[in-house]
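Each structure below appears as structure tokens.
Across the two complexes that follow, subunit A remains constant while its partner is subunit B and subsequently subunit C.
Take a look at the complex of A and B:
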């Protein structure tokens, strides 16, 4: 039983990693859109975030898994599940990054402008590193949320920790032991994510950020 | 040479900050801007390198008009970002609050401009940056992050960062106002060193004794106008304008 749950936990971890990586990449692009000079693009961004963030993961999962095949676009549960997590996460990640950029002090932007840096260097050397530092705590927050959101995918037959637990319960009827163990495993994954986040924060403190508060 | 003609600016709330500034700064000249807070001196300085936009007037650097161009039918348009960027590289600015990049060491702060904006080779830039940091007395702190430096040290890094672009003019915006009194001296010492090099400078300052010492001319601003301008000995010792007299009495 434990082996099966551990395998489920591994699947959950993999799904979360896919969701976090994909969501982060898409989120960065979306956050960029939110600062676009062209107004329709900014509106598009707001619409995307509004819709995606306002839809429960469960509904999103059903929509992708059952909705797309209806349009002759069938996907396996794992692909569908990954897409759901990436889409769902991207809206939250994008807002986190947008917040990070907005938190950059004007003073540092003016310093960069007065040096006459080209846009690419400006983004790479100033905007991205400083925004990332401000965004880190809420970023970890969303990562933890992604781990837990993956449990919903059991409903579209993605085999992960929650589905594994349900299968075992159906055979053994040991509801509390099995669900308790599953909950513990979720906790451990989230705990790991949190620890990674803390480590990154500490690392950045030594690299000159939050120095005065370290 | 910088040539400012009839510069006018309003803040978005409609209040007029600059009401027609005319000022010529010669090569190697140091001009100090003094006046009460709200008189427009910092805004004038920020207009020079276009951190503030302005509605009317013209700023020229060595004869070339900056920031706006007049089209054939008389419409005034902002230059392209690319042009603005290149022009800004000819000016260095040092801010009251140092404004160093917190995630970069002193050396990286100084190297950033020449490396990324000027695309100079790394070895050359490193040598330049080490030299500049040594010159501002921080040769042993090149690897320090801003939070590990005192205010005075941070401000000296900021000066080195501005100099690294080899600017034609250095704009100093109340660079000692945020410093503890005992740190003011070390920063002013660095500026004294530049005076000998005949670097063109515009200095906004509250340190009147320093303005008297280094400036060739002092301009007193009040309500968005240059009310009095001349050599320090005249402006400080024989002020004509009653508000300037009053200002000097209060500051002393």
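Take a look at the complex of A and C:
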């Protein structure tokens, strides 16, 4: 039983990693969209974030899982689940990155401007490092949220920890033990992600944060 | 069939699910806020041990998915004799989970009260309970309103998970409709729109609440 739960935890971890990587990539693009010069693009961003954050994960998952085959786009549960996590996470990641960029003190941006940096270097040397350091704590929060959202995918029959636990309960009826162990595994995963994030924060603080050394 | 026609035929069947979702969300939110307040009280009145226990509680619910707790309460309570209806089990799980987050929100607002107010309360001779009632609670509630609104929206979205234990709410409605008509796309798009409508309603409610508690000059003052 424990082995099955551990395998489920591994599946959960894989799903979460795919969701985090894809969501981060899409989120960076979306955050860039939110600072577009053309107003319709910014409105598009606001609409996307509103819709994606306003619908429950389950409804999104059911829409992708049942709706896409209806449009002749049959996907396996894992692919559908990954797509849902990526889309759902991208909205939250985009807001996190946007918040990080907005938190940059204007003095830094003005200094960068007065240095006459080309746009690529401006982004690489000024915006990216500072925004990343501001965004890290909420970013870790969203990562933990992705791990917890993966449990919802069990309802569209994506095999991961929650579904594994449910299967074991249906066979053995030891509800407390099985769900307690599953809860413990989720706790370990999320706590681990949190700790990793704190370590990353400390490391970045050590490397310097706008001239302040830890 | 076309989307409009489908909506015309099956639209009204969503109303019951919508009402059920709204009701569950409302009652769960109220209970969660009350439970978060109780946790705040436990943290303040319990000393170091109390604070540690509440911290542990919050960590447990921050790092575990709410679906697990819904299953736990729904499957584990009947064998030990508590045969509560599915709605109550789900609502209890939502209350416990969101209560943890709300107690953290309250904790942040509590830290925002200037320490000088506690000195002033002391010099006025207010008892611990009186300072809590008259100084702490009003300020914490007002300061938490935006974050509380956010949490209520999250709670509203989590009510969709109750469909996993066969509660007749909006998402369950959509699932049944999909099985009946096979029009999955239309069914779930309408449900998504309805959830967005509920979210907008909650946000408007929060804005109204913030307006109600904000200080405005009395109309007789010019």
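The rule we apply is simple: the second predicted complex is superposed on the first by the 209 of 214 C-alpha atoms of A that agree within 3 Å, B and C clash if a C-alpha of one lies under 4 Å from a C-alpha of the other, contacts with A are read in each partner's own complex, and residues count from 1 in each chain.
Operating definition for what follows: contacts are C-beta pairs under 8 Å (C-beta built on N, C-alpha and C of every residue); 3 or more make two chains touch, one makes a residue touch a chain.
As the structure is a computational prediction, the values presented were derived from the model and not from experiment.
The superposed arrangement places subunit B and subunit C next to each other on subunit A without a clash.
Of the two partner chains placed by superposition, only subunit B is touched by A:121; subunit C is not. Within the superposed three-chain model, A:162 lies in touch with subunit C and out of touch with subunit B [touch as defined at top]. Using the contact criterion defined above for the overlaid structures, shared-chain residue A:38 touches neither subunit B nor subunit C, since it reaches no partner. By the document's definition of touching, of the two partners only subunit B reaches A:111; subunit C does not.
Using the contact criterion defined above for the overlaid structures, shared-chain residue A:151 touches subunit C, although it does not reach subunit B.
Once the two complexes are overlaid on the shared chain, A:54 sits against subunit C while remaining clear of subunit B.
When the two structures are aligned on the shared chain, A:186 is found in touch with subunit C, with no touch to subunit B. Once the two complexes are overlaid on the shared chain, A:3 sits clear of subunit B and of subunit C alike.
Looking at the shared chain after the overlay, A:133 reaches subunit B, while subunit C stays out of its contact range. Comparing subunit B with subunit C, more residues of subunit A are touched by C. Here's the short version: in the overlay, subunit B gets within 25 Å of subunit C at its closest Cα pair. In the superposition on chain A, no residue of subunit A contacts both subunit B and subunit C.
Taken in their complex, subunit B has these residues touching subunit A: 49, 51, 81, 84-89, 91-93, 95, 97, 99-105, 112-113, 116-117, 145-148, 161, 165.
Subunit A makes touch with subunit B in their complex at residues 107-108, 110-119, 121, 125-126, 129-130, 133, 204, 207-209, 211-212, 214. Within the complex formed with subunit A, the subunit C residues making contact are 59-60, 62-69, 71-72, 75-76, 79, 153, 157-161, 163-164, 171, 174-175, 178, 182-185, 188-189, 191-192, 195-196, 199. The residues of subunit A lying in touch with subunit C in their complex are 50-51, 54-60, 62-63, 66-67, 69-71, 144, 147-152, 154-155, 162, 165-166, 169, 175-176, 179-180, 182-183, 186-187, 189-191, 194.
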